[in-house]
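Listed after this line are the structures, all set down as structure tokens.
In the two complexes below, chain A is the common chain; its partner is chain B in one and chain C in the other.
== the complex of A and B ==
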């Protein structure tokens, strides 16, 4: 029976091809737009998480308990005795979900050229390890990233360079309170200047080699403040952080944080972005309801006589309801296919070429994230399928009223209708 | 009639109050200028204790008035040779390790000096107490068997100062300060400076041991000990030059 009803429904849809095609193109085009927006929103999320975590942070960070966010230079991993950094990194790398790990030392100090000085956060890294975890090396605009060959090299942001009036090759002095209370100070050479577009980083961060910073702070090599971790799949950050915390905690007091905890405003933004996407979905579904109710109601009223005839020859009301619902679902399914056909090249284009935001000067930022001159999309298949499922359910719900109306026809009266 | 007498008494009361304030102002001003003279050369030891380390810093300070100050670190060896020159509102640091002189941002004179609980301004810029604050006498009498006056200093509206209130206790007999407490704008005490070991140098009585305690960190303190101080000695202007700083 159900097979026959589906066949009948499909045939009915094409008895008035113009009406069906108009409804189909409206819904299909709407679905394509929905895919387009979902793809852009996912792209924005992705970009935001990436700039938020991959420039200087990382997916997961390991600290001594109490170190973060105050960042006192005395609270190193393993306390004052420090810890064997090699062993710690090996223990972290043992988790197959982890791509790379990099040890770090932080300080805050006065960075000074001859006449101008400014406070900055100083980050000490092992150059080749850090480049596996973060992507700051891709944002160098002058010179190069830190290298082992230049232990007294320093990397600064372009804004900071302007503030203190230095350029590539300039000598700068870093002054900070060392771990023993003495005034750590030394001379460094600017080997590279980076530009991330994020003001806080471009204006307030300088990088040098881990060993140089430890020397400046009079910290022995066993004392580090942080291990930054890159995962193969960032969506696992919270789970891996919990597992790692439990694992490392057996031998070393640690506090492991995933990025949502390190940058809660970023996690909030992701939530907000999903919320906005959801609201757009709901608005679209409401428009679809109107479209389908209208189409199906017309189809039912137009076929009053025919439906009355069917009921007169023994079709039961439940079958009439099924028939109308099947027509609605058929309409939705055909629309989805059409939407997919229109949408697929759009999605491909967004991912490959992005949306050109124009402009030649500074990069464009949205909600505090640098998106560059092109806003790239990101495929979010779960959102696409949710939209499709939502659409099918919407079609069923909106066909309910026309279907029930048809089921209440009295055959004798219906037959008399022209 | 009774009312008239009352008014007269009230007036008298106000007059004596005003006179008291003038007296209080003089005493506070004298306390603020204890270490300031036409010129001075001193040797000062800072004994710093905080939760992370303990260290002693010996330094020599040259000053002419309040505007020209040179501080040179003598020990410990890791900081020896480091020097600060302050001329007017400009300050420079000389760092012997890098053999470079850097100009200090003005704000740095208001933050911890060499990791101690004193700021550079605490050491060299105390004289504005009397001019920047309203002064009232908040206690007169005997404490621990010593006759003392306590003064409360509240900032004048137009002045830019760090503290919401400063309370200062002075011995009545010789006007020597015994302690000074600094409050924030919410009226919470933040740090306390105590004075002791009063000595006469060139007919000037001065406390030679100053201890600063942050009140929110138990156990931490910085003791500032004047090992040697001479007032009104001739100092050549050249001492306060960038060239001399690098010496």
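== the complex of A and C ==
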């Protein structure tokens, strides 16, 4: 019986192709718009997370317990004895979900040029390894990234360079408190200047090689503060961090944090973005619902006589209800396919070319997010399928009223109508 | 002429032959307008909120500072004392008084703030607490302790990130160190000019704005303390002006420029003093354009769907009218008249519904805090409660768009009906 009702419903839809096509285009277009917005919003989230984590932070960070966020230079991994960095990196890299790992040392110090000086965070990295984890090297505007050949080279932000009045090749003095309590200071040469668009980094971060910073801080090579980790898939950050914490915790006291814990404000923005997407979805859904309800209602009212005839020849009310519901589901399914067909090229375009915002000037940064002149989309298949499912359920629910109304037709009266 | 009136009358009667169907259709059309109004209101509201809050984390709508400060940020550039008094006098005169919300003189410098545990570079902002409250949002974003007040002369307010870094709590002692201002013309040899100065302060409040650059670097302390520390009694770096409406910024800036002509100062509206905010603003506009476009397209299609559904299925009825002698043109006029009446009812319904929802969101706001899991205030720059905002022109254009779309779309079935072939139309099945 149910198969026959489905067949009947499908044929009914195409007995009046014009009405079905109009409804299909309204619902299908609505679905395409939902796909479009979901893709844009996912792109924005992706861009937020990417720029928030990929410049200096990385997806996951491994610290000694109590080191973060105070960043006291004494709390190195493995305590005062330090740890075998090579073994630690190998243990981390053993996880197949991890793409790369890079050891780091941090300090805070005063950076002086001839006339001006300013405080800055100093980050010590192994240039080859760090470039696999973060992408700061792509933001160099003058000079080049740190190299092994220039152990006394230093990399600074463009705003910091302006603040202390230095350029490429300038010599600067870095003054900081070393691990043994003495004041460490040394002379370095600016080998590169970067611009990320993020004020806090451009204005307050300098990079030098790990060995140079360890020397300045009088830390032996076995003592590092942090390992930055890049994953193949950033969405796994929290799970990998937990697994890694348990794994490394067996041999070394560590605290492993994924990016949402490291930059809670970024995580909040991502959440907020999801909230806004939800609100927009609710509004779009209601617009689509109106289309479906209206179509189904008209379909039933216009076919009073026809449905009355069916009931007169013995169709039971429950079958009439299922017939109407089946028509609604068929309509929704056909519309979703149409929406997918309209939407697919849109989504492809958003991902490949992005939406040209055509703006002026520099890129925009907000809460650690840098957005360029193009707004790229990102495929968010779970949102797409949720929207599809939601629309199908909506179609079913909104056809209920017309269906129940049809079931209450009295055949004799219904047949009299034209 | 009476013919047209009669036809419109018939159209009106047609509507009420099936009141429930008509009301449902009107509701469908009206809901389109309602949703359009709601989404426009929320998008516009969040957009305006963004500017009005954004400027309050920076220099206000208009800022007056020494010539060249914007480019160099040098703490040695101070406003001439008489400029401050001229500015304040000008702003408190009749015409300006109504557009003004607050005026705050500030002394800015950079320094090093140290606690027992740690030290960090900071942006010092010496303020008059009373005035700063009227301009900046930082006093409202205190999460622990209280903002500065005139009683506590050695108080300092810092951000959460800085507090965490320095490991300090409310009441903790901190030392602020900075280089005194080098006044042009004086040598750096005397005790104050150019030397390192320090002062002991107590943390009286901790704020959280969600902007990392502010939470980790900005500190507020009473203006006299800052002036003494920097060795410049009575002097300030800038005067920040907050207005009632953003739209007045250019007017006020122009007025001030005229008033201060000749003095070595720069008067900048927020679009010039905060280029980053302008970009965020522009990004948000772009987002709004895209979303408005999507909503409009969907509302348009919904109208198309609704009207076509209503009219295209009435071939039998139209055929009957033609058989009774109604000419095609008359039939078309009747259908258009009916559509217009339907649209009018829908617009009224939609307006009432849309404006009521808008009113609710405008007064109570759309609270977005539910998206955050933690109980802590979210680290958002902007208020997570969105207040709807609709200008009369927005309402008018929304109504206009829905009306136009509905009318234009109703021409198609009207023309179609006018060409209905009689024998075909009168067939029942």
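The rule is short, and it goes like this: the second predicted complex is superposed on the first by the 413 of 418 C-alpha atoms of A that agree within 3 Å, B and C clash if a C-alpha of one lies under 4 Å from a C-alpha of the other, contacts with A are read in each partner's own complex, and residues count from 1 in each chain.
What we mean here is this: a residue touches a chain if its C-beta (ideal position, glycine included) is under 8 Å from a C-beta of that chain, and two chains touch if they have at least 3 such contacts.
Worth saying up front: this structure is predicted, and the values here are computed from it rather than measured.
Asker: Please tell me, clash or fit, for chain B and chain C sharing chain A in the overlay.
Answerer: clash
Asker: For A:112, is the partner it touches chain B (first), chain C (second), both, or none of the two (neither)?
Answerer: Only chain B; A:112 stays clear of chain C.
Asker: Determine, under the contact definition given at the top, whether A:148 touches first (chain B), second (chain C), both, or neither.
Answerer: It touches nothing on chain B or chain C.
Asker: Between chain C and chain B, which one touches more residues of chain A when both complexes sit on the common chain A?
Answerer: Here the partner covering more residues of chain A is C.
Asker: Check whether A:284 is in contact with chain B, with chain C, with both or with neither, and answer first, second, both or neither.
Answerer: second
Asker: Classify the contacts of A:185 with the two partner chains as first (chain B alone), second (chain C alone), both, or neither.
Answerer: first
Asker: Name the contact category of A:297: first (chain B only), second (chain C only), both, or neither.
Answerer: Second partner only.
Asker: After superposing on chain A, check 7-15, 79-87, 133-141 or 187-195 and name the one in chain C that bumps into chain B.
Answerer: Once both complexes are placed on chain A, chain C clashes with chain B in 187-195.
Asker: Chain A residues touched by both chain B and chain C?
Answerer: 110, 118-119
Asker: Which chain C residues qualify as touching chain A in the complex?
Answerer: 18, 21, 24-25, 28, 31-32, 35, 38-39, 42, 73, 110, 112, 117-121, 164-165, 167, 210-213, 216-217, 275-276, 279-280, 282-283, 286, 290-291, 294-295, 297-299, 301-302, 304-306, 308-310, 312-313, 316, 366, 368, 370-373, 378-381, 384, 428-429
Asker: Considering the complex alone, what residue numbers of chain A touch chain C?
Answerer: 18-19, 22-23, 25-26, 29-30, 33, 36-37, 40, 69-72, 108, 110, 118-120, 163, 199-200, 203-204, 264-265, 268-269, 271-272, 274-276, 278-280, 283-284, 286-288, 290-291, 293-295, 297-298, 301-302, 305-306, 355, 357, 359-368, 371, 375, 418
Asker: Give the list of chain B residues in touch with chain A in this complex.
Answerer: Against chain A, the touching part of chain B is residues 48, 50, 52-53, 55, 76, 78-79, 82, 93, 95, 97-98, 100-105, 108, 112, 114-115.
Asker: Within the complex, which stretch of chain A touches chain B?
Answerer: 74, 110, 112, 114-119, 173, 175, 177, 179-183, 185-187
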